[in-house]
Structure formats: structure tokens, C-alpha cells
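Each of the next two complexes has subunit A plus one more chain, namely subunit B in the first and subunit C in the second.
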Partner chain A sequence: MNKNVLNIIKLISLPIILYLFFSISASGFGMHSLPIVVSQSMIPTIMGLGLYLMMNADLMDLSMGARTVFAAIIGGIMAQKFGVAGLVAGCFIGGMAVALFMALLYRFIKIPAMVISLGIVLIFEVAGAKLVGSSGYLRITEAEYFIGSYPCNIIIVFAAAVFAYILYYKTRVGSYITAVGNDEKMCKNVGINADRIKFAAIALTGIFGSLSALLYICYSGSITAGTEMTSMSMVFRPIMCVILGRYMRKQVECMPLLIFIGGISITIIFNGFVALGFSEALQDIALGMFLIIILGSRVITQSFSTWKEAKGRA
Partner chain B sequence: MENAKIILTAENMTKSFGITRALKGVPLQLKSGEVLGLIGENGSGKSTLTSIIAGIQPADAGEIRLNGAPYGAQSSVEACRQGICMILQEKATFDHLSVAQNIFVGDEKRFGRFGILDIKRMNREAEDILKSIGITGLEVKKKIAECSFEEGKLVELARAASTDPQILIVDETTTALSQNGRNILYRMMEKMKRENKSIIFISHDIDEMMEKCDRLMVLRDGDYIDTIGRGDFSAARIKKLMVGREIADNYYREDHTCSYDKEVVLKLEEVSTEHLHNINLELHRGEILGFSGLADSGMHDIGKAAFGAIRLSSGRVCDKDGETVKNPQAAMHKKIAYIGKNRDQESLFINSPIKDNISVASLKKLSKNTFIPPRKEREFVLEWAERLEVKMQDIDQYVMELSGGNKQKVALAKWLGFGADIFILDCPTRGIDIGVKASIYRLMENLKAQGKSILLISEEMPEVIGMSDRIIVLKDGVQSGEFERDETLSEHALINCMV
Partner chain C sequence: MMKKINMKKILAAALTLGLLCGCLVGCGSNTAQDQEGSAGLETGNEQGATGEESFKIAIGFTDNGATMFSLMANNVKTMVEGMGGTVVFQGGIGASADATIQFVEDQIAAGADGIVFGPPSDSVLTTVTTMCEEAGVYWGIAFRSITDEEIKALVESSDYYIGHCFEDEEKTGYQVMSNLHNKGISKVAIISMAKGNNTTDLREQGAQRACEEFGMEIVAEARDLTQASDATNAAESFLSAYSDLDAIFVVGTTGAGIHEAVAKAIEDAGKVESVKLATIDFPDSMAELFEKNILATSSGAPSWGYDPYMITAAVANACKGNRISDMPLELEIPMYDIDDAETAAKWLEKYGNADTLYYEESVIKDTLDKSVNSGLDEEAMRNMIQEFVENTAD
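Moving on to the complex of A and B:
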């Protein structure tokens, strides 16, 4: 069997093992949870696809959650006037506008992306709250949210993953983003304009931010505007997806698939813990442990084989 | 060759970095179909001059003409478009891009439309280029991160070949290449010569320069000194022109006796690592213990193991009191210093000033109630930078702006200032000109005379033979021979144990 296929099977076995483990150990977890788990993993996956662009260009972004919420609010407002078309267009207009705004700020102010992303969080959380008014949330109808609900959400994420794959691996801008993340000074020597490429990387995250906004508002049929940086908590799961994906890329070079595997694994763990009745604090501890074990497994394996080799020699 | 057409002329090239004048009105003439060697000590201005020609940095003054027309590339890409390509001394490949992507980086437009790349075609063409310059067995889909440093350099050669340059500048690339890699470069240079194209070649290896160049242009401290034709090549003359004084052919130790105290200051007992197997050694006070072997013999691991910088799978490293050296902190506590083969990665913070690099090991000594008095720190750094004669603007200059020899001086100043008793030096003269080389050898002799001990790991056999009291030869991670200092000791004897 092709080595890549074998490696993909190995990697896919991670969420399968987790799924089987929780199905056996938690009574509330089983086949019936599958659509929920899949649906819940779609948002971190799609946000992860965008975050990977930023992280690959050596930029840190904590604003993806705020951008998603803001774009979803714009989508929700437009859905009330233009139905499904308004919802889709609103999410795209909102997502792209904020991403372009952020990219322009980065290009011209030239301060670290993380600082800009914090500014974006503060500005667009308040802007979103103002747009939804005193109620604090927006509702869309079932006729509108079907477009981003299960199983349509899977199709959207699949299309986004294919687009991401082409973008990361088959385009000039994708190669340049990787090169910029590698060494900006060297980029200059080969004629790559690092500032322009970073601008493009941030702007392109708008596509994924828009799609995550669409899935986000459709997931529950409503959107709540949060302030005081509450949207930042949405970023951590996608960041974990990317970290896991980056770790697994030693096996297969296909980041969209790896981000998806990371996303679904983390979602299974969260849901599994809920089914086991873990408190929120315990869930966080267990998830942290899971990440450490997975990321540390290579070191543990290497140490074990070195020890075994030395023992063999002795 | 005498009547060959001049394709590139540079006149009155001037460049300053702060108060340091790197180039002082240097001229250059390059004929078609020739290899022009640029030779000079570290900091003589060779790389500055060629980087200006290659569009990497602008000159402060001066005029360059290419094929008779004014030339002033503003970037390396523009220079490349005009037919001038440079292979840099430093690494110039992107770790997370494939070999093929690295070969064509910056020139991807030809592989696609609307920004979408035809990766298959790119890989095919990369294979063709690698094949055309004689590189076999390098997978084009492989990422550079998975390649060796030498393979990365070969990719840079392929990148240069892909642009089909009229003038190729090779800046100290051969130090990173094995004989096989060098042969690939030499073949490429010969092919270019046959096609009436030209090469500007920079190397510190005088023998290599005399063998490969048609003319040699000598620079010293940013001044143009002389240009010598092939018929007038002589190592002694070149050295004299480079350094400005007579340099003896043999700049190693003049004594031929093995001399050191009985006291053992560092001991490796049954040490095994990934590349070493059951190594035992004793380093004595006032001894220079040399290690020789092929690049993959594991000898570079010896230094790291002795400094506690790599994990031992078995055995132990201990000091004169029998205490184990577990890690670099413990090694420093026992006054052990280490300068790695890869200076920029292992011995220096190249993105930091000279001041931080020299004082970093001695901060404990310099600090007063947790705080580091700035004046005391500056005085300390200045003293050591001056003692080592580091060529610099001031101690706030970034190490990345220094030449190879001066970087090495900074690394040495750090450990001398620290007051180390044991020096582990892995390839201490790698990529360094003869002037600095000679000064490093004198420094080693002085340290030995002071009763300090040196563990010298080197890929240059004359250096190991010339400087060591004892030499241990490694083969496949195992000790395959040991020799004492002797006038009759030859490279041949060492080679017999290596292969």
C-alpha cells in the first residue's frame, strides 16, 4: 500500500480510537452523537484553515473569533432583509471587510500582528454589540440557517478544505507565505515582497472567517454579540487544531486534512468529557494533558528507542 | 584570455557601515570566460564588493558597467535578470519549501497561470536542472528541512544554474561542500568558462584559489592591493599581499614534543550517543587533544557530549574531581567552554550585539546584587573585544554584520572573558582566513602555556597534526587510532585509521 495512504489511515485512527473510547466509557456518547460531533468540529476546522495561513506566515492572530462573530452579525442583519442570499453575502462582506481592514492596518502601521489582532477584537466586539442593539442577539429563520447546518456544513468545510489545499500547496502565494514564515530577509534576496505577502495572508483569512461566520450563525440559528474579549476563547480550539495538524504533518503533507483530524479529535474529547460528566475545569485539564501526551509522544518514543538501543548494545 | 572582452567593470567602489569603511575606492575588471578570484582576510571587503555587484546592497559611491552599459541592480532579482547571480556564504534556502520550490523560488510565474502552479512540471524541470549539473539522488519533492546543509547548498547551485547567468559569484561556498559537492561546483564553473561566461570566486583556501582561478585580486581592509595573473601565482606572495606581512608556511606549533601535565581535567567514560560508541578519553592539564575523522565519524558529537549538550545513551563525562558533567550549565560551572562547528547556530546570537554575545557567559561575574552595572559590562566587553582584535564599529554592532573570522573572535572572547579552563573547539578555523587562523593558533598555544586544556575537533588534518599533543582518530563512532605528537606523524597514518 502507498506509504501516504498508510499514514493517512494511521492518522484517521486517532479520532476513531477516541470515538470508540468515549462510546464505551460514556453512556451518553455513541453513534447518535456523531452528527453533533461532526457539526461542532466544523467551525474550529474552518477557523483553523484560516489561522494556519497566519501562523505559516509567522503571524499570531487572536481576532478570528471576533471577526467570525462580527461577520455573522452582518450576515444575520442582511438575512432579515434578503433571506439566504443576504445571509451568505453578509457573512462574506463582514468577514472580508474586517480581514482587509486588519491587513491594511498591519501593512501601514507595521506593528506586530498579535497587537493588531487584539485591537480588532476590542473594536469589532463593540461594533457587533452596537449592531445587534439592546437585545444582544440576532435570530435567523430555519429557512435561512439550513444552508450552514448539517449536512450542508460538511459540504462547505470540504469545499473550503479543497480551496485551502490548492491555496497552500498549488499557488504562488501559498509558497510565498511559507517562505515569508521561514525567513523574511532571505525572501528579499529572491524578490519576494514580504510585506505584500503578509498582507495577502491576512486578507485571505477573510474567506475562512466568512465561512466560519456562516457556519456559526447557522449552528444555533442565532448569534450573540459578546464584549470584553469573550470572542477570544473561540480561537483556542482552532489554534490547537493547527498545532496538532503541524505536528502530524511529519506523516502526511496535507494540512487541511490534518487540521480536520485535529478539529474532530478535540471535539470528540470535549464532548466525551461532557458525556462523562466532567466539570469545565476538568475538561480543560484533560484536554491539556491530551495535547501534551500527543505532542510529547515523539520525544517519548525516541527516548524509548534510544534506551532500547543502548540496552541492546550493553 | 589576455585579449578577452571585459564584461564587467567597477570603479571607485566605496561602502561604509557606520564609521567602518568596508570598501575604499575599489576597482574591479572581469573578463569574459575567466574565473576571477577575490582573496583577502576576513573583513577585507570581498563579500561587500560582490554583494553590491549582485544587487544585495547599494554602494555609497562608485560606478559599475556591465557589457559597457551602466549597471546598478537594486535587488538580487534585478541582478539575476541582468545575468548576475550570487551563491551566498550563508544558508539561502527555505526550510519548509521543497527542493523544486527552492530552485525556482521567485521565478514561479513560468509554472502557471493566475497564481496556480503546475507543480508536476516544476518538479520535472527541477529534476532536469539537478541532472544537468550532476546532482543525483536528491529528491525534488523533499523539503529542505529534511536535507543536509550540503544538499541545501547544492540546491542553491541548481537555483543559480536555472537562471543561466552570464556572471556567477561564488562566495565561500566550498567550505560547506564535501569533495563531491565541490566537484559539482567546479564542473559547473568549467562549463560556464567553456561557454565564455565568467565567475567571481571567493574562498579562503589558497590552494583551491590558485588551482581554479585565472587571476587573483587581493583586497585588504577595504583597499584594493593587487591583481595577480595565473603565471605569477605563489602561495607566499598571495599570503603576504593578503596580510601585509610575511606569513610563514607553517603557522602551527613549532615544537614536536608531546607535553602536558599528568593531572586529568576531563574524562569521558564509556560514552555512547547516537553516533558514538563506548568512547573513553582523558584530557590533561595543558594538553591539546585533537580529534580527527571523516565528517560522519561522530567526532563532532565528542565536543557536544563533553559539554553536556547532547544526551548520552550510556557512559558519563566527569571533571577532575570525578563529578559528572550532565548539561551545559554544569559544564560552565566547571569552567568548560564550547565553540561549535556551526558558529552562527551554536556559538553566537547573531541577531544580538557584540556586547551581549561577549558578556552573556560572564553575567554572573559582572552582576552586582542582581543588577548588571552597564559601565562595568561595557568595559569588560571592550577589553575582550580589543584583546581579540575584533574588527567592529563598536560593541553595539550586531554580530550578523561581522565577517566569519570576527564572529569567531567574538565567540572566543566570550569564553576567554568567562575564564574557562577547558576549551572544546569544534572546527575553530572553519571558513577563516590565514591571518585570523594564525592568531587562533597562537591563542591556543598561549592557553596551553597557561595550563588550560583544549579539545580540538577538526576536519583539517594539518591543523590537528600541527597543533595537538595527542590525536584520536574516529571511524564510525569508534576510536580507531591514537597518535602522539611526533615530527614524523603524517596525514597518511591518520587516513589509514579513518577509512
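Moving on to the complex of A and C:
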């Protein structure tokens, strides 16, 4: 069989195995859960597509959640005046503005991206809360949130994934981002301006931030302003998607697909745990163990092979 | 290269200047606030023309403009000023023990004579008791009961602890589940706060008691949701995992828009007829949710602000030298059930307006001020509370 096809089969085996496992072990989990699983994996996927750009450039970002919420608030405010057009424009303006601000800060102040991202979280959480006002949240109408609800959200994420693929693999900036992430010193030696490339990486996350803001506000029909760094928890699931995706890279070089598969897998796990009646604490433990086992499986397998060889020789 | 170095220097200088200006503005506004505070105290002194000294009470809840907070703040301010004192509100205490202790320290340093707050857990109370004893500051608890017996004994032994106002959270959790049972509901998923939060832990205990008594089942849970979309996500997962789910019970949350987000998930799944929403505390869109036939039952304090209002009255009297009782007060606010759109609308008409006064100023002076009404004791306060609850949606 063609090697690529075999690799893709290996790739999709993870979510399939997880789905079958939970379908058998939890009576409430089954075919009817699939549309919800797919829909719920859209937001972590699109945030993961943006986070990957920064992680690929060897930058750590914890502000994607805060940026998403802020952009969604701008979108919600503009939706009240201009309807759907205002919602889309507002999310885009908010997402790009914050991303450019963050990129400029990184470019000129030259402090670690993690520190800047924490500052962005603090600033834009408060800014968003001030914009939203006393109630703490904004609602949009059904006519407005339809554009980002299921199944339109799948179309939006598919388009974003195609764009991400072209960006990562078919553009010069995408190649440079990968190169800078792998070896910044070497890039500088061959004349690539690493600072400018990192600036571009951060700025480009604004596109995915804008789209995730649109999906986020449409998902519940409202947006709640986060404070006290609560928005940071929004990035953990997308980060897990990217980490899982990177781990599966040896099968096929297509990060948008890998991030999506990571997203689907983690969403199946979360929903499966709910169907099994796990408490929140147990869900977190089980997810942590899953990640450790999956990501450590290569090392475990290698160690086992080495041990077997040594035993065989003995 | 030179241009780059110059740019860096200019940027560094500009940022330093900005920081300096910010500090100066901050100091200036602090000075302004001190002046305002002094003016407030002076106003209190003018009001105390009979020779009564003014007093200052700090409330650990904010007036952020939301109706329920404004309602509480307006009423507490009217009452305290009517008794010759001043009041400050400080928010941001949240659910953190550190923030609570910081609040008490700050207010003692700012000259508060009395403090009212809702502790996130019993563990902070030993420190608060010590701090208030040393500073000679009276204090009271709103919205909470002390569950740890050792801590309770320590706190109640302090002369500066006035008492607590509380709702019977365990009974409320039981009552909501009982209301759901009466509507034929048996399988329930809950949305609640993290374990360790006294309020929701007690509510869940009550809910569990109802489950054992009525044969109901809590099949799934989601905790500590702060974003509306997290609530939609959780509700969708519940609906997907349990096709025979009857209700989603929002036991407690600090997030805004949570109830509406859960309602959206139920509507999107096309399960409005088969899956209901239940809640403790009244959501802003309560009337709308009842009309859509999504909200089945809601239980809450007759008005959220009434709890801190009553304990503040007790603390204010202590600050004036007239304790309501020598023993710590235990004032229970009975919860009020709303099960239909009409009652919800009546309630909103009254308590959806931040200008509504719980008691007129003349009543406050004649009834809640022990220097005027010498018969004011714990029993009298309990009677007032009962009457207030009975007249809630009139």
C-alpha cells in the first residue's frame, strides 16, 4: 500500500480507537455524539493553528485566550450597531490590533514572548471588561451567531486550515518561521532577520485569533469578559492539540491536519469522560495521564526494545 | 546602528517618564480620595450633632454597576449614612483567601471601624479574628456560615465578631431538587464551583440528600466555569452523553451569562421540552427563560443585597456602641422560590431596579438604629427578615 496512505491510516487510528473505546465503555456515547465532538473541536483547532505559528518560531504564548475574548468583545459591540458585518469586522479588527500590538512590543522592547503574553493577558482582560460594562457579558442575536455556529464553524475552520497549510509550507515567511524556530543563530548567519520573522509570526496569529473570536462568541451567543487571568486556561487545550499534532508529525507533514486530529482526539476524551460520569478532578488526571503515555510512548517503546535486545544478547 | 541605539534610549526614556507620571497621578488620586474620605467623615460628624461619633464601615463587595450590586450598595449606603456613618465598598476579593486577608488589612489601615465580607473558606477566619481583635474593629460575615467547629469556636469567642447572615445552602440545594422531582425530573447534571467552596459544597450536599430521598441521580458535573462558552460546551457534553437527561442544575457560578449559555445549548439541541434548567440565584434573563419554558425552577435570596444589608446594620450598631446582642448573631435569610414567568416579572419589577429601597429612611432610623429603637434585638431582626421575605413579590 502507498506509504502516505498507510501513514494517514495510522494517523486517524488514534481518534478512531478513542471513539470506539468510549462507545463501548460508556452507554451514552455513540454516533449521536459525533456532531457535538466535531463542533467542539473547532475552537481549539483554530486557536491551535495560530499557536503553532508562535511555537514553531520558538515563542511561547499564553495570551491567545485573552486576545480571543477581547476580539470577540469588539465584535459583539460592533454587532450591536452593524449586525453580522459588524460582528465579523469587529472580531477581525480586535484580533489583528492586539496581535500587531503584541508583535510591536516584542520587536522593540525585546523581552521574552512569555512575559509579553502575560502582560497582554493582564491588559486586555481589563480592557475587555471595561468595554463590556457592568453586566460582564455581551449577547448577540440569533441572526448574528448563526454565522459561526455548527455547521458553518466547520467551513470556517476548514478554510482557515487550508490557509494555514499554504502559510506554513508554501510561503517564504512560513519557511523562515520554521527555520528561525529550529536554529535562530544559523538563520542570522545566512542573512535572515530573525526579529522580523518573529514579528511576522506574532502578527499572523492575529488572523487565527480573529477567527477563533468569531467562533467563540457565536458558540454560546455571548461573550463573558474574563478577569484575574481566567482567560489563560483557554489556551491549554489548543496547546495540547499542537503538542499531539507535533508528536504525530512523523506520520505525515501536514500540521493543520495533525492539529485537527489532536483536537478531535482530546474532545473525544473529554466527552467520553463526561459520559463515563468522571468528576472534573478525575477528568483532569486521566487527561494528564493520557498525554504522558502518548507522548512518552516512543521513549517507552525504545526502552523496551533496548531491554529486550540486551536480554536476548545475555 | 547608531540610529537603533538612539531609538532604544528614546524608548527607555519615554517608558520611564510614563511610569513616573503614572505614579504621580496615582498618588494625586489617592490624595483626592483621602480628602473625599475626610469630607465623608466630616459629613458624618455634622450629622452626629447630638454628640454621636461617626463611624466607617468597609464592605467587601463591589458596586460595579450591575443592578444587584447597585441595589445592595444603595441600600447599605442609605442605611449607614442614616445612622451617622460612612461606608466604602471594595471589590476584587473574589474567591481567594489572600485577597480577603489583604482587604481586611487594607481597611483596618484605612481606619475602618467595622468590616463586612463573605469569606471564600473558613481558613481565613482565624487570621481575620486576630487582626480585628488587635485593631479593635467589629466585623461580620455575609452569605456564609462557619462549618469548621474549631474555627467557629475561636471566632465566636472574639468580642469583635458580631455574627453572620446566611442562607441555608444545604436546604436550598435540597429544595431545588425537590421542586425538580415534583416536575417529574430524575436525571440531573450540575454546573457548580470548585470543590472547597463552602456555599456550593453545602448546596450539593442538599442536592445529594434529595437524590437519596427521591431516587434522583446526579449523572455529570462541570465546575468553575467562567466563560459562557464553557457553559455551552459543558451543557452540550451533558446532552450528548446522556440522551435521557432531564435537567441541568446551575448550583453556583461566578461567570456571567452562564444560564443563558446553557439555555442556548438546550435550544440548539432541540430539547426544550425534555431538558429543563434549574438554578440557585436569579439570573438576569429569568423572565425570558421562564417564557421559553426552559427554566423550570429558581431559588434565591429575596434580594441578593439584603443579606449584607442586615449584617451591616448589626455591625453599624456595634460601631455606635449598641450591640444587638452579646452573643454572635445568626440571621438566616430564607430562600425564595420562583417557578413561573409572572412571579419572575413581579420580582424583576421590584428588584430589577437599583433604586428600590428595602426600608425607607424613616423606618431605618426608627427600627434598625438601636440608639433610637432600644428594643432591637436578634429576635426583632429575625421578624423583620421574615416579613421582608413574605412581601418579596407583592
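Before moving on, here are some points about what is shown:
Rule of thumb we're sticking to: the second predicted complex is superposed on the first by the 306 of 314 C-alpha atoms of A that agree within 3 Å, B and C clash if a C-alpha of one lies under 4 Å from a C-alpha of the other, contacts with A are read in each partner's own complex, and residues count from 1 in each chain.
One rule holds in what follows: a contact is a pair of C-beta atoms (placed from the backbone, for glycine too) under 8 Å apart; a residue touches a chain by one contact, two chains touch by 3 or more.
None of the values given here were measured: they were computed from a predicted structure.
Once the two complexes are laid over each other on the shared chain, residue contacts for A:M31 go to neither subunit B nor subunit C. Once the two complexes are overlaid on the shared chain, A:G277 sits against subunit C while remaining clear of subunit B.
Touching more residues of subunit A than its counterpart among subunit B and subunit C is C. Contact with subunit B, but none with subunit C, is seen for A:G181 once the two complexes are overlaid on the shared chain. Residues common to the contacts of subunit A with subunit B and with subunit C across the two structures: none. Listed in rising order, the residues of subunit B touching subunit A in the complex are 56, 75-77, 88, 92-97, 101, 105-106, 108-109, 112, 115-117, 119, 272, 274, 277, 311, 313-314. Touching subunit C in their complex are the following residues of subunit A: 26, 28-29, 32-33, 36-37, 39-40, 43, 69, 108-109, 133-137, 139, 149-150, 216-217, 219-226, 228, 230-231, 234, 270-271, 274-275, 277, 279-281.
If you check the complex, the residues on subunit C that touch subunit A are 7, 11, 64-66, 69, 94, 195, 219-224, 226-229, 231-233, 236-243, 255-257, 260-261, 264-265, 268, 284.
Across the complex, subunit A meets subunit B through its residues 166, 169-173, 175, 178-179, 181-183, 186, 188-192, 306-307, 309-310, 313-314.
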